[in-house]
Each structure stands twice: as C-alpha cells, then as structure tokens.
C-alpha cells in the first residue's frame, strides 16, 4: 500500500525510488506492443524473446567492438531482429494456432541454447557486460519511445493495413477470398513485431548492464503473452495496461512476498475466466457473469413477470 | 557408445511417459495443458513427502501420489478448463489459465519450508533432494563394461507395459472408443449420447496420474526432486516430443520420446553439450515447418 | 533449555568480543551514537532459484543484528536491517536496490545473492556512492572491477564471500601435494556464470600442478540425466574429476560416476560446500574435496559461538552462507563503530563507512577477517572433504599470503 500512497503524496520521491521499475515497465510496454501487432493480425507467435535477444546482443556487441554511436547500434539491433524475423517468418507463418506458437517457442530456445551458447562473441553462458549501460539515463529513450510507438501502432490499426489484419483475424478464408494477400499481411505484422521486440531488447540492455542467455527464454515470452491476455487485445492500450499492471504487481503485493507467484497465478486465472476480454476491453467494467448469477436473474425476472 | 545408447533409451522412456499424458489432453480436449509439468513435479514431491516426512513405505506412497495427481488433474479441469469451454473461449485461453495453475503449484512447493503453511508437503524450499539410499533396492550390474541399474531397467519395463496397456485401452475398449469419438468430433459424440464432460474429466485424471507417475520415477531414478524439475527439465522437451510424434498421437509421443532421447545423446557424443541443449528445439522447429503432422506419417497421424 | 541458554550466553560473549576487539582501534566518542539507528539494506534472493542461498544469508544476518542490538548496539546505536527479496531476477534486483538507495537513509547495502544480479546492482551502488558488501557471490569480476570490462576499480564494492579464484586453486594445490594426480576431466555447467567462471579457473590452474586435463565436458544445468556427460568423462579414465556446478548437480554427478565405476576423487569449488550437497551425495561423495570459506566444526570462539547461537535460534545447523551473512553484519558494525558517523549527512556517512570498511580486522565465524586492497576477502581457506554422511572433515587450512 505504501507504494500507492507514495505515488500520490510524493510523486517525485516515487519517481526517484522507482526509476528502474518505471523503466522496466516501459520496456515491457514496448514488448506488449510487439505482441499486440501479431495478435491483432490473428497470429499467436511467441518469438518475441528471441527477437529481443537479437536486438540486445547486436547492440551490446557493437558497443563493445565498434566505435559507432549508441543510437545507431540500437537501430541496427532492431533492424537485424526484423530481418531475422522475415527469414523465420517465411517457413513458420504457414502454421496456425497452437502449432505456430510451438514453432516460435522452438525458434526461441534453439536460438538461446543452440546459437547464443555456442558463439564465443556472445560470451556464451557468461553473458556480456554492456559498456554503455546507463541505468538512469537509459530511461529517457524508453519514456519517449513508448508513447510514440503506441501512437504509431494505434494509427496503423486504423489504416488499410490494420483493417486487413483485423479481417484476417476474424476469418482468414473470407479475407483471402476478398482479395487480401494473407501471407504478405501476416508477414508485415510479424516483421513489425520483431523490430519492436528487437528495439525493446536493445533498450533494455541499456538499463540492465548485462545480457545473458537466461534473460531470453520461453519464460520471458510467456510473460509477454500474459501482458496481452491480462490487458486485452481489442486495441493497443490493452497490452500496455497489462504490462504496467503485471510489472508493478511484485511491488504492489510485496507484503505477500513469499507467495507472490501464487497471487500472480490467481490473477491470471481470474482474468481469463471472468474477464476474457482483458482489463481494457469492451463492456466497461463488467465481468463475465457466473452461471448461477444468470440462472438467478432469469428466475427473478420470471417471478417478476408473474 | 553402447552405454550411451542405453542412457538414451532410459531418458527416452521418461520423456515418453511425460509426453503421453501431455499429448492425451491435447488429443481429446484440443488444448495444451501447461500445468502438466507442475503435476509431474508434484508426483515426485508428494511421494518424497509421504516417504520421508510421513514414514510410509515407497509403494503405497507412490500409489497415493499417483491418485492425488489424478485428482489434481480434475482440479485443472474444473478450475482452468471447464469454465473456458463453457463459453467457447479460444484454446489460447486455456494456455494462460493452466500457466496460472502451474505458477501456483510451483510457488507453493518453492515456499514450503519448516514451520510454514505447507511444511507437511515439503520442507526443502528451492532445494533439490533425493530419496534416502535404499528406499527402493537398486542393484547395479556391470556387464561387459556396461553399467545397468535395476531401477532404470524397472522403469523401462514399467513404461513399456503402461504404454501397451494405454494403447490397448484406446483401441479396444468402450472407454477408448468414446475418447476417440470425442477427440474426432465433439458434437457428433454428444449426439451419440457420450457424456463429453465426463470424458474430459477422466482424460485429465488419467493424463495427470501418468504425469505424476513420470515425475516420481524421474525423482527416484535421477535423484532430483525439486520444485523446478517439471518446469526446467521436461516441460519444453515434452513439447518437442509430442511435436516430433505428431500432436495428439499417443504412439507418436512414445516413439517421439525415445527418438528425442537418442537425438540428444548422439548430439552430445558427436558435437558436445553445447549442441545437445539446442537440438531438441531445432528438431521441433524443423519438424513443424517441414512436417507438421509429425515424423511418423499418416498411420500415426490419426489422433490417439 | 540449558543448552539454549548457554548458546545464547556464548553468542553474546562472542558478539561482545567481536565488537570489543575492534573498538580498541576505534576513535569514536560513543555519545553521538546513543539512541541513533544505523540503517542497512539487504537484497537477497529469497524466492526463485536463488532461494537455496538467500534465506540462509538472511538468517545469519538477522542473528548478528539481534546479537549486536541485544548487547548494547554499536556504540549505543541500534542496527536496523531492511531485507528485500529480488526473486532471483536481475531486473528486480536492480529495482529493489534503487528503491533502497533512494529511500535515502541507508548507510550500506548487502548482497545481492546471485552473481547474475550483482553485475547490475554493484555498478548501481557504485554510481550512487553507497558501500555494498557482497555476501555470497564468488565469481570473477565482482571486486574490484565491478564495471568490467572497464578496469578502474570500484571504490564502494566489497565482498566477504571467498572467491572461486582463491578457493579452487588452493584446493587443487593441497590435493596435488598429497596425491599427485596425473590426469583429470572437468565437468562444467555451461549455462550459468558461476559454473562457467569456476570451469575457467580450473582450466587455468591444473597446468601448474602438472595435471593433464583429458577433456572438458560441458552440460546444461537443465540436464535431466547426468549419465550421458558422466559416461563421457568416466570413459577417459581420469585420476580426478573436477566439477563446477551449482545446487545438487555435483551430488548427482558423483552418484552417477560411482555407479559407472569411477574410483578416483572429486575436486570442486563452492558448489560442494553445503551440507545439502554432502547429504545428497552420501557415501558416493566421500572424499570429495573443495576449498571453503567456512568450516562448521572450527572450534575458535567466534565460530563456536556463532554455531551455538544459530542452532539455538533456528534449531538447525548453519551453512556457509549463514556464516558469511553473519560475518557481513559484524564487518559493517565494526566499520560503523569506527567511522565517526554524523547520522545527519547520509552521503558523508556512507563515504566514512566505506573508508572504515577498508581497515576492518576482526574475528568472525570465517576466521580472522580483513579486506585486501582490492576489497576482496583475506581469510584462511578451509580445505574440506565430504565425510560420506552429510558432513565435512577438515583436510588443511591455508592461511592467506
């Protein structure tokens, strides 16, 4: 509770004490945007952690060995993630549903265990220190990027491209017969998602000092997925709200310290069962009514009619 | 090399046992039950707790643990799956709710130490423990330079027998036919008068009991019982196995388990450990891309 | 009840001598400390994978705080310790550290539990100029080069946990002097920093003692069945097997190697040094030898008292992490005693405390404790062996040069 009290009574102190938490929330919001884009186009892909790794490692390795300026390193990291996203997308995007999800999990783990642990330039299991890390300065580009990217993606979902994505999500067959080039639109979403994830990964190394393979496992991707599910995917705000809520949660429930994951689990189950559209979704604050509730209501109404 | 083949066959049978339960749920309910790995862990943890904390002999402890795991399967069905089915939620919703349950199960064990709420279940927190020496006799034979352990041999035999039984039940019994009918077409099965909800519940029970059994055998033979054995050591590999064998196919999962064991061990011997860890996922990726129906072709493609 | 009382009495005496012994060099008037509070913060992994170590550190620290406060505090000032869990997660560790630092009143930090988190937390503390004392991190690049690969020394980062760079070579030396092994195989987990660092140290050390490393077998921490890597190692027929890994993995490797007929000895690092590992290895681990920061059966007063008090409070045996956590509080208390703190100028007090830490020289459960000029540990290394039934025996103590 102290957490909230301080937020309102002493916002400056709050900011100073929680700058890294806020930065992490920003990173997670970017990742939420990344998964939102593929979700919006009807694809359940879980490759985000892999693309983060590409962005992060590229940036750090460039900072270590090249005299290039940091913004360029970050840009290259994001674009390389996009390029690899394109290559991975070629074979993978033919798959649907759970199969697509599993294939992308395979990509993440094969990249982490098969590539990162085997290429000496990545520092293998020991990881790499980011020489240009600046935990408190690193927050600035994050805080700038989140609103800009949110706005861009919001706009994007209202363009022809966004409408095509929505059409594919609702009914792929119908979209296809309406002349929408489904594979191309899916690929565009996948690559945009990869670039945003790579960008988030690159920025994250800036506040976290370090990259190592444990950061980029399936666990991370699943965490990103929960942002989208808990927040809701009707529009881009949903996953961001999910990211903010779930990243701050460990701080909020610190008094349950030991059983934090139990609280986490319960929240996931409650949301998915009682509010499947996510925190931000249609229907205001309504929750899905349990069955006994509707039954009771019908009986009431029946009684009133008599 | 022969020793390594033996190693591969053994670990393959653990993978297979784990994956059979995994694939069973996918085959019948069309959802991935990500709490399966947590039930696997609890199978080992509950057996250990009954033997070490409550002084039961191994065999009754194991039987109780397997039944409890079956009941946990019902819990998964009632809490995480049925409410979602009621409103036709997309399969991804079940993915999330079962992740939620897995988080809870793991956290409860991880936080249980002496003097806490769950100390009757577990007292070692995040530590990994093993059964006291001699819980189960484990004669070790050395034959021509090969090392063969009694427990591992027993587990191999047990898993083969179990899988044959499961195969028989699936093919030739009333229950098996009902299960396959539901898997094939839920609505048609309902019209035929099959109680679909009951089929789902029993599927979860059997799958989780098998998962628990796999977990306790893992803990027994590999001397590793901790809150993380499911999540870290078999969850994703199990996924690779059921993909290799074709999602939803029981014989596929069995063959896939042994195949993954062999692939991993050969990768390790040929190229070293660095490659071994990634090989399961590279295989998973390639199979999905090149042959999404699994490696073993049309005959095994039919569900269950 | 009697033993409990006696334990407390002894522990009190120890705490008093520990503080008293140091105060002889002190220059402070105790008045300015009276009624004040020395606020410390600890970042520990109480949940998650590091939950194996963090709770022990916490118990050791709490015990020391309690002892010191019950025996008059630090020149009359109480110690208050704010412990926060980082869930074994690097970003959370850094977040928690930042919150603690920015709350403004803390004079020093302890932790974090895992090396993986230390790489983020230590540079943060350094940039805020608050002393931080690592209590369980043994890898390389902890002190003094916390900003590795930059080489300028970190001024505010200390550790009281014996580094693998000291412990592993000491152990190999002691073993070679006794048994003169010719060949070895290294089994090393390749996916965490601690194990990888240990493996590198073994590889760099064996040559000095004419041990030929026949093979380095790397494996993943998540390996389910260790039969495969062990078969590969045992088939080379080495005199010794080096194991650098965490958790119960060393025990599982030992069990598997014995089953496969390996007759030689096991040598290792900090991964061997917990009772849990020795217990898990059982008879298979008999003779497994490692360099340790602490040995439970040491009879010098500062350790005997600690062990007694710990048993009395928690009714279980302490381990190395508890001893290092306990020692850390003694170290900070001693430094605080001599630092002439103002209790009004926090940044100034932090720097004063840091300066006083450099000259710590006290008795702890680890033995006589000092920092080297690079803020690393200067203490006796206890080379110990597993006794085959869950405990350890002392082989030799190596005094620091």
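As written, the chains take the letters A, B and C, and residue 1 is the first residue of each chain.
Here, contacts are C-beta pairs under 8 Å (C-beta built on N, C-alpha and C of every residue); 3 or more make two chains touch, one makes a residue touch a chain.
From a predicted model like this one, the values you see are computed outputs, not experimental measurements.
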item: Overall pattern in which the protein chains touch one another (line/ring/star/complete/other); value: complete
item: Contact-richer chain pair (by C-beta pairs counted) among B-C and A-B; value: A-B
item: Length of the line joining the C-alpha centres of chain B and chain C, rounded to whole Å; value: 38
item: Distance between chain centroids, defined by C-alpha means - chain A, chain B (Å); value: 29
item: Shared-contact residues (touching 2 or more other chains) in chain B; value: 107, 110-111, 274, 277
item: Contacts with two or more other chains, residues of chain C listed in rising order; value: 47, 190-191, 220
item: Junction residues of chain A - those touching two or more other chains; value: 113, 117, 258, 260-261
item: Chain A-facing residues of chain B, complex; value: 32, 79-80, 83-84, 86-87, 89, 91-93, 95-97, 99-104, 106-108, 110-111, 116, 236, 239-240, 243, 247, 274-275, 277-282, 284-285, 288-289, 292
item: Complex contacts: residues of chain C adjacent to chain B; value: 47-52, 55, 190-191, 217-229, 231-232, 235, 247-248, 251-252, 255, 259-261, 276, 280, 282-283, 316
item: Footprint of chain C on chain B - complex, ascending; value: 3-4, 7-8, 10-11, 14, 107, 110-111, 113-114, 125-130, 133, 140, 142, 147, 149, 218, 222-224, 226, 228, 232-234, 237, 264-265, 268-269, 272-274, 276-277
item: Interfacial residue positions of chain C with respect to chain A in the complex; value: 46-47, 84-85, 87, 90-92, 94-95, 98-99, 102-103, 116, 119-120, 123-124, 127, 141, 147-150, 189-193, 195-197, 220
item: Footprint of chain C on chain A - complex, ascending; value: 13, 16-21, 24, 64, 113, 117, 124-127, 129, 131, 133, 135-136, 207-210, 212-215, 250-251, 254, 257-258, 260-261
